[in-house]
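What follows is a set of structures for review.
Two complexes follow with subunit A in common, the first pairing it with subunit B and the second with subunit C.
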Partner chain A sequence: MKRAFALFISLTAYVCLLAGCWSQRELTDLAFVIAIGLDKTEEGEYLASLQVVNPGNVAGAVPRGGGAGGVPVSIYTSTGDSVSEASRKATEKVSRLLYYAHTNLVVVSEELAREGLDEVFDAMERHHQFRTTAKLVIARGHSAKEVLSVLTPIDKISARQIIQMLKFSELAWGETSNIDIWRTVRDIAVSQRNPVMTGVAIEGDPRKGKRQENVQSSVPDARIKLDGLALFKNDRLVRWVDGPTARGMMWVLERIQHTNLTVPWEGKKEAIGYRTTRSKTKVKAKIKNGRPSISIHIIAEGELSESRIPINLADTSLLFRLEKELERSAKEDVTKAIKAAQREKTDVFGFGAAVHRAAPRLWKKIEKEWHDRYFPELDVTVTTDMHIRRTRMWDKPY
Partner chain B sequence: MESSKINVRQLFVLIVLFEHGSAVVIPLGVSAKQDVWISILLSLAIGLLLFFVYRRLFEYYPDQPLTAYLPQIVGAPLGKLLAIVYITYFLYIAARVLRDFGELLLTFAYPETPLFVLNAIMAVTVMYGVYKGIEVLARTGELFLIVLYFLAIIGFVLVFVSGIVDVTQLQPMLEEGWRRVWKTVFTETLYVPFGEMIVFTMLFPYINTPTKVGRAGVVGMVLSGINLALIMAINVAILGPDTVSRSSFPLLDTIRRVQVADFLERLDVFFMITLITGGFFKISIFFYAGIVGAANLFGISSYRRLVYPLGLLILILSVVIASNYAEHIQEGLKIVTFYLHVPLQVIIPVLLLIIAAIRRRFNQPAK
Partner chain C sequence: MLFQWGMRRQKKQMNDGVQQEGDDHSGEVADVPQEPMSAELAVNIDIIRRATGESDDVVIRRFSLGQEKQMKAAVVFVDGLVDEKNVYEFLLTPLLTASFPLALEEKERLQWIEQKLAAVGGVKHVADWKLLFCELFSGATVMMIDGTSFAICASTKGGQYRSIEEPQTQIAVRGPREGFTESLRTNTAMIRRRIKNPNLWLETMQIGTVTQTDVAIMYVKGIANDEIIEEVKKRLRRIDIDGVLESGYIEQLIEDQTFTPFPTTYHTERPDIVAANLLEGRVAIFVEGTPFVLVAPALFIQFFQAVEDYYARFDIATALRFLRVLIFFISLVAPAAYIAGTMFHQEMIPTLLVIAIAAQREAVPFPAFVEALIMEVTFEILREAGIRLPRAVGQAVSIVGALVIGQAAVEAGLVSSAMVIVVSITAIASFATPSFAIAISARLIRFALMFLAAMFGFYGIMMGLLVMTIHLCSLRSFGVPYMSPLAPFMPSNMGDTLFRLPTWMFRERPRLISQKNIVRQSGDQKPQQPTPSRQGKGDES
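This part shows the complex of A and B:
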């Protein structure tokens, strides 16, 4: 009897404990927020746009009930004085509980970025569901809401489309940067370096972009594209850089893997194309008479990808001269990038960190004035070292 | 006294689990910024000296726990008072670690569960383990150490493969000179976890080969110290000294940053397992030391009779000692360190050893 009673008690206890579902939620009760967009309203409040996955229209992708299926994502907006207030308020419009553990992208409007992002990230960093490995981009020219509203082909969820673009564009072209939120927060918090973020723009008509018809055309009315790098001074956006200057930044930040350089040859512009396979950047600080200076050394190797003029690429001395030309071209980009940052008085390269490592005592003295006084006048020496390892499938062009 | 014995290997396992316990998950010694690993290694060196003090005391009084030989060294009234202080200290630290554990789980995994429920589940498990005795705890430890090492090795590889380690963040070394490093040693890292080895003075009598106690202790402490220094160095190399010193759980932040091959990510569960296992052994060892001491001091035939009342006590204590996490941490860093750790881990044991050595020389047993 006693045994049976004990058994009963312990089994009852197991029922309570082993279920382990104190705050369990059914999958059908959750709304997966895949991206967050942040804008500022005219009244100065935050406007949060939450891109929520519409699960029935993503997996399987069989349109139900004939006609066109629904859209894969839905945007919910709400306003609030703080980021967390705005996101909480959104529950007034969503039929499910908002779930942030799968949020992979944060889009911040240019306007908000120019005012300062200091207070934006704390709520995200602090939230236990949110992951700071989410990517961060700046909406350029349009609001964050508009960017998230554009429907995209191939990757149906536009947040995923942007993440994939960030990843592969950095890998293959190198004029944009694939940056996690935690790196940005770290860079804002320390004085040794300032953050750089990628811009996202809309090509076409954003009003048409949010309709399902947008993805039913082979040339959509609106497309999302990555567009330039945003230079920040502390938490404020100060300037956009594009094209070769942006690539110059990426060289210094050691984030270039594959890119294509074109150089003139024998009077013809953009005659030779060169694709890098790998690259390495070394940034060193030197102190002379109490003044820091920086030397950057970039090494890259790659192959010729295109020749628009008939030259014999089996000729080693020619390749050697081509390498020199490539080195000059890369150096030009890098110098342009450094000049641009110096003009804005913001050290986005982490030269401050290099000085800090080389001379901790000196750094203590100059830390406060680093970006405004020392960095703009910093003496930077750039050396580049490009190697052409092979010339692909042919020796001579036709 | 419990008659069961554990062998040297099991003692070693318990020491390693105990030392990692909560130290691996909390921001250990982060006020030293990027030099935190130097602080930990220096604390290890000084902690070993303290350990030699504890071991020497045990050699003077083999087969007896700390609370039993205290009255023999300083005389009955004072000795018994000190024994009560030590027992209270062990139980209080058990409650503190239980609170740490509950708060950590609550913060990042179970935000809506009441603290009492989480603590109660852990407390019941600890009570059961301690009721079964030191031998069972030690054998469980042997199993779990393997699991933890397995996770640690996988975690290690993934962290490095994911390419987020930037060793330049560990530079400049000794930026503010040795002062900041030593300050961290003597205000934080020496006491937790190395000085806490004082609790093992209660367990030494259970070793079946007492001559090898020293070896197990030294190897266990050195291994743990190196591991802890390495883990904190990796945390700094990934997060940067600034982020580490802001974070509540640096190791969790490190693990959350791991992304390998687009699918090996969100390894929070590694952290959970480490936290729960380490927490279990740390609480169990403190709790065990507390109740064995109490049973011994008050002449209770079996310590098992104390498991449930005192287990309830630490459970309630763990909830009421602080009204919020910040208060709990403040108490830990300011009050517990200077009013409990320093006297009970350092001053009293050293004085005891001096008195015991003098007594031995003049061969005068206490009245």
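This part shows the complex of A and C:
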């Protein structure tokens, strides 16, 4: 009885002691790495720039210990042959333990993206703290370090500023893409769809952007902005697309929620503005004589957002003609986007997956050559169906 | 370990008890004269005086009976315990003025007095000193006549008691305003007034070898489970203690499990709660001298049921029940969760929040656990001080307390404001629990969980809660599983647990408590719209 009791107690103790969350760390011992920037040095090493939060200087916190007025984030850089080496080495320069669980953003320089991101993805997926729900963006025109160094006015932490921009820009404008890293990695791994990533650029002088004065001006000297979509072929950046082409890409990917279309009317350019409220995209693959073809059908609902010419909006036949015009405009964007992707031989739309679903046997045969042979010559028919549901308050603009 | 230690102690005590038993009892009995009552009045009076140490408040009034003034007699009562008006008007006056027939035999004399003169309610013949003193100190007036070896005890209970006031605990916005008092009789009467039924049975016994405190158990015969009644009586009879000053003494001597932070008997100051519990088949234990009445068996869920739940409509009552369980949970784990979150699981806190907390903690010199412990202990000190201090000073304490655990501590950088919020919400939550008894257990467990959280993080908290749940399921209150009707699960009783179904759906009493008579109302009481009368229809067509 006594022995059984002792055994029970010791077993319970083992269970308790061995399975606990043993790595206790105080909040004040942690350096929260909120964003990672990755560049390639001239020697071919990785240059990791870690954006670390200075908690005391973030808005909302009680300023204490004389740190008031300091910058909300600091950048620590280090180099290494591998991503993890570069980021580990940074601990030489930081007084606290680097903590990656709250890393929400990874900025990769265009240069590195063109060389391939395989190693980067591997390091991220493997890291025990890093979350693959973070966002990945490509620094366009400047290095990742420079992008992360820019101080931003509204969201004090610039990483958060970029994340918020990604989120709301996709929602309201639809020329950029807001996707998690894990999704990108999955797209590459499954290989039927190549990733599309958003570019980030600096407007203004990046050297001035580092300074606190940058956020003390109503017109900052340097600003971060989202800039275009980067088309990838596997893990390599191959091309940038911008403006309507980028939006056309988002139409096909069914990621347009609200966007603004403008169409010319009676000779006037951009006469009518249209805001989508809901959209749906159907991608179907058909096989004819052993050759696949794709048909895309886009349905969108929306309302008139602007009319710069006096037309009678109570006239339904006019509205139907307007819808036709909108359909033409959207179709044009989509076709442009598809052309761009076909030229680069990268299936970023997941057409391959549609073919796979429609004809699994055929897919087995053509899978290897899909991107390079079949996709560029793929016959894609686009149909669009736009509906104007409302014209808002005015029937007859004056 | 703890249990073994407890057992050993118990054993030791039992041994001690055996050794001391002889002395103990003889010492106590020596106060009461062993010899039978004498036929001589003077001897009896002398015995009373000696036994009470000639205490001033024991009034002995000697007189001679009847107009002939030949029969010596005396009345004895305790000043302050009797209603003096009663004694003088209905006992002494008739005795002094009546013409006493001297021809009566010895035995018949007192009977004659009892029948003809004593104009009060309860009259008892007493021939035993022990009983006589018991009656005397319960407020009876004792009458003795020379030449008779027994006495008459007339019930003249009276004296000052606190009047019925609004209860201080378990306050309800809607519901009766009266609360129990220190008088057992008043308390039982309050229940009688609510349940006018001959089946409401009351049994009284004296507990406490020195204090001889009246303890009454009350139940509704036919609803209450006989086995439970027997069990309660058995446990009460087992009590051998010198004094009972509050129902807490009884509670601790009859509860099923001592080594648990959870209360296994319910106590209340509200007669409506007791009445409701009696109707559910529970047994109430009244103790003279305290307004707190015990109710057994008590279930875990009972401590979350406020009396107002049954007076309010079911929708809000149900919502409040959920809120209360949440409150209990918050008061249990809030500081522990803060510790675990900031010390182990920083990844679980949303980014902006973790940065905000980190910012506040920048200047705090202590680890989160120490910080939490300081704040919790400070709060407990303040609470204790607030209760104990005279009311006038109490306010000052609350002001100082607000400053200490509020602004000043934060500004001094000793604690973070997030910690103050956590401690405050915990404190408020612990006050919002409807039963103080369960709030106290949460208070203790909270500290245990804080230690676990500091050592093992959320894993520790989960382990702690798991052990707590297992422990809860192992508890019993007078043989009834403590967690019923949740475990064992009884669907038909679930209507009065987390949910409070509409009153017309309460068809059954708690099954495990009243085991045979479970149906409490008919099943077709759903309120109906008035059916349109036929006549009216006929007229229209």
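Here are some notes:
One rule holds for everything that comes next: the second predicted complex is superposed on the first by the 367 of 398 C-alpha atoms of A that agree within 3 Å, B and C clash if a C-alpha of one lies under 4 Å from a C-alpha of the other, contacts with A are read in each partner's own complex, and residues count from 1 in each chain.
Please note the rule applied: contacts are C-beta pairs under 8 Å (C-beta built on N, C-alpha and C of every residue); 3 or more make two chains touch, one makes a residue touch a chain.
Keep in mind the model is a prediction, meaning the values are calculated, not measured.
Look at A:Ser23: by the touch rule set out above, it reaches both subunit B and subunit C. Within the superposed three-chain model, A:Asn104 lies in touch with subunit C and out of touch with subunit B [touch as defined at top].
Between subunit B and subunit C, C touches the greater number of residues of subunit A. Of the two partner chains placed by the overlay, neither subunit B nor subunit C lies in contact with A:Arg3.
Contacts of A:Ala189 after superposition on the shared chain: subunit B is touched, whereas subunit C is not.
Touch criterion not met for A:Lys269: it reaches neither subunit B nor subunit C.
Of the two partner chains, subunit B is the only one that A:Thr133 touches; subunit C does not reach it. Touch criterion met: A:Arg357 reaches subunit B, while subunit C stays clear of it. Looking at the shared chain after the overlay, A:Phe32 reaches subunit C, while subunit B stays out of its contact range. Shared interface residues of subunit A, touching subunit B in one complex and subunit C in the other, are 23, 131. If you check the complex, the residues on subunit C that touch subunit A are 340, 342-347, 351-352, 354-364, 367-368, 410, 413, 417, 454-460, 463. Residues 17, 22-23, 128, 131-133, 180, 182, 185-186, 189-190, 353, 356-358, 360 of subunit A are the ones touching subunit B in the complex. Note for the complex: subunit B touches subunit A at residues 107-113, 117, 121, 168, 171-172, 175, 239-240, 242-243, 246, 253, 256-257, 259, 265-266.
For subunit A in complex with subunit C, the touching residues are 16, 19-21, 23-28, 30, 32, 34, 53, 55-56, 58, 60-62, 64-65, 67, 99, 101-102, 104, 129, 131, 157, 160.
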